[in-house]
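Accompanying notes for the structure given below.
We just call them A, B, C and D in the order they show up, numbering each chain from 1.
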């Protein structure tokens, strides 16, 4: 049975190429992808997750305002009664930062996994399959090293 | 529906006054006083004059930080240490969304903590006075670079603040930059910006206008970029603008890039009225960069090489840290100097590459075809035609996030690395031209032993950041060593 | 006087034995055992095979540090992080002077203090065993690169130590590298080196030999470099060498560089016997570098671009720290990756530049002229002819520090940046060719409004490090923006 | 009256281009230049300075062995009875060093001035004119900033 994931770019960020690639990769890997596109608000993510009974919310942010845009995001999800796996990825800080710090920052905001922009979609797919306990030979073969 | 007609002066005044109440700093704008201010600026800060009179391509980086003093320091550094000829002031994303309140919070936090809490310079919040301090402190012309769909208040404040060049346009700052703004709305807003620039121009202060040529920066076919640039210049010209700089973003194939820059210059001059002075700008690769500064320097240098051959009037440089995030000032200056070295070593050489003329002819045919489509859609009116053509998908931009564009057209590289169209969707184009693209692409498909597909597009999107031009499956393509 | 004849086996053996007493590590060389050792090496370490079977230009950096463990780490880093296809081991200057005692002191000091007290790897001191540890530890073919006039013991030890490629030659490691060694002496010494390489070759272990193409690295006219490279290959072939890689150093003018690499490949194949397998190597700019890593990356990239068009079999890369001193391993790997990115982005493109064929024809004519001069001077014997031609100045190298060369010929760039000869001194050349050079140079003189002079030469020597190709006086030359 | 300077590349260093340029520049500035060429020993410098009654010895080194090559150089000069202004320039250390350290090192070896490889010949000429108290309008106009 195909699992549904909600995908979008948060805030007023318009970088669409990354999620276009992600949408295609997750679909090819057997997920039902609800792609909200760019400039998606926290509420839109929550509504879509609820409406589609999604099992994961994948947030993308490239333009450097991810931290501000994600403040309180997990509260909004909780208020909408959405309790799913959440990932965030892309270019998460302004400037030349150290990724480990960034990861901790976003984990403490409530995200289950944090990906940098060198992430290959296959890594995220493999991680999600494990987190959602989807066991396929394919998922086992994939290596996760984020 | 909107038409490509000049906004009457009283209408201009009305909008202007209304706008200026949107944020307290708007009150400080005084047109007459601003004209005087511009007249008082030295020749080295008259943007259009500096750009139009240069012998060699001028270099300009991208740069914007929240605080005024930091921005002064940054621009000064890029000028003196990077050798930038023209400077930018990149505006933060909140300002682009007209969220001046949020920008204010960010700016105040930046002032307190010293952190870069905004991804650019909130010029509206800095106001006329802040802008002028910047203009005065830095010894080169400065352009406003942003990505703002409704950039009217920003224009009013920055023009009065002494900036003489303004990037963007109703299409190029809508389609790649936003989801929900309608094209008709951005057309209206940019008519105001252009009309204001025209008002300054009438009074002898030529505000240079630069459409954002690279659009989504990702495998945009040259003819689409050129046509949109020309349309934006036409719209600006109608409002009285007399100095325009349409642009084009490097795709990485030298022949195609040189051909495109030549076609851009030629067609822009042809389509625009004689009284409009056209210069051109070339953007170093605007797509995904390699996650490695050394490799990024290679990408930047290939841009420099292309610029040396095609000789645009201006080159917007990238930094080797493009992949990672906003670059340090050192890296930004590094990108400028790498580009400068390549251009200066190559520009005096006679480098005539075979096939540029044919490629240029193809690009010109395609562009004319798109221009015809637009005019047909607008019954002769370019503003309407653009809106309608985007609506129907007859005009489209690949990877457009905007609801105003179908975003259905898909580009892919041919066997030589030139960007062609794989999925035309509803894009209108001569059947003969489509046939040329198809033939080129089936050649690649054959080389790689696979059909054209979205997979191929995705591979091409990643190719340069993966170290190649063409996203080939492992072990296919390539060339032998025999010369 | 010396002749271009194969050293008889017994003579080979005699010299070999004598040599091996020069330094204790010489005793460990055992030819038969060495053959077995080479046979035991995996295919990935068979230098000539790897080089000759590559589809795309292979990249090789320069690198050598005194200690074995550091050298292993360095090469491994350049292989894995820099993506080098072929690796070098650059020998220190004391070893090049056959001062093995001083090298030993330096090596011991390096071992104690960890400091880089030598500017390279003292392979003689490390001995056969040390060399083999290096060969085994690193997963790519490794070449010995040095600059040693009398490189016989170094050859005996490194060949036995598992190296299968050896740079240098009697001319190219004499004229640019030393003052007092006579040419006849270095000819004799290199006949031994080549004969030893030939002895391995006969037994199926092909030792690749690479003349040092760039010579003094400073505005060397292509035909002089090519002719000397071919002569060294001929001398090596006589001694039984079957894999040669003549080289050429970038001058920075793309047309001239591409033409030169093509001429080199064509003429080397033509002048050498069929049984000799010819590959070519291109050196990124060997003259003075800009004192700025960002600008240096531009110079390196222009080299990569040239390589992508001319497709030599191998490219020797520079690092962005070339100006300053021996580069860090990171900078060295950076130079490799910058080059790789440019080559990989450009190599699949069809880039045919006008004028390459004409320039190639000119270079070929000049080279044939020099080859004829040499043979004439030697009554048909290339070894003698070379010595005598250098003696008379009929053959010469610009900026040669050696007493064996007149060093009187002076190169200068023409108006397009191609290297021409300004002062011919006694260099023999067809009058018609001289006329072509003169015409090109007077064109430049006119552009700059000054006569050709040593000042112009000095300006050209500094030009690339000053950020330009041509050393023009301020405010002359240049190009307009019109395309 | 033209003053004589001895110029050469020390040790087994063969980098000749720099001294070729220097020779020409010092000659053009009115000095008598005795150019010993590359691979010049300490003794050869001393002999030449004595033989030509030179007022300065200019040592060049590019290849990274300058420190070893210059050990005891000033003793050799002293023993030969040569007491002149000594300059050294070029690329004086192996690797990517800090020039201030290098300068101190060579000053403590006895050199009057130490120049890095970014030195424009005009700077050295201006410095030498001052050190030898040659006052010409030209020397005054030149700026020294090494």
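As a convention for this text, a residue touches a chain if its C-beta (ideal position, glycine included) is under 8 Å from a C-beta of that chain, and two chains touch if they have at least 3 such contacts.
Bear in mind that the values here come from a model prediction, so they are computed numbers and not experimental data.
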| item | value |
| --- | --- |
| Intersection of contact partners for chain C and chain D | none |
| For chain B paired with chain D, centre-to-centre distance based on mean C-alpha positions, whole Å | 53 |
| Inter-centroid spacing, chain C versus chain B (mean Cα positions, whole Å) | 45 |
| Gap in Å, rounded to a whole number, between the CA centres of chain D and chain A | 65 |
| Residues of chain A engaged with two or more neighbouring chains | none |
| Of all residues in chain C, the ones touching two or more other chains | none |
| Graph class of chain-chain contacts, one of line, ring, star, complete, other | line |
| All touching chain pairs, where touch follows the definition stated at the start | A-B, B-C, C-D |
| Chain C contact footprint on chain D (complex, rising order) | 9, 11-17, 20-21, 24-25, 37-39, 63-65, 68, 91, 93-97, 117-118 |
| Contact footprint of chain B on chain C as seen in their complex | 54-57, 252-255, 261-262, 265, 290, 292-302, 304-305, 310-311, 313, 333-342, 344-355, 415-417, 464, 467-470, 477-483 |
| Residue numbers on chain C that touch chain D, as the complex places them | 93-94, 96-97, 99, 106, 116-119, 147, 176-180, 216, 218, 287-288, 291, 321, 323-328, 331, 399-401, 454, 458, 461-462 |
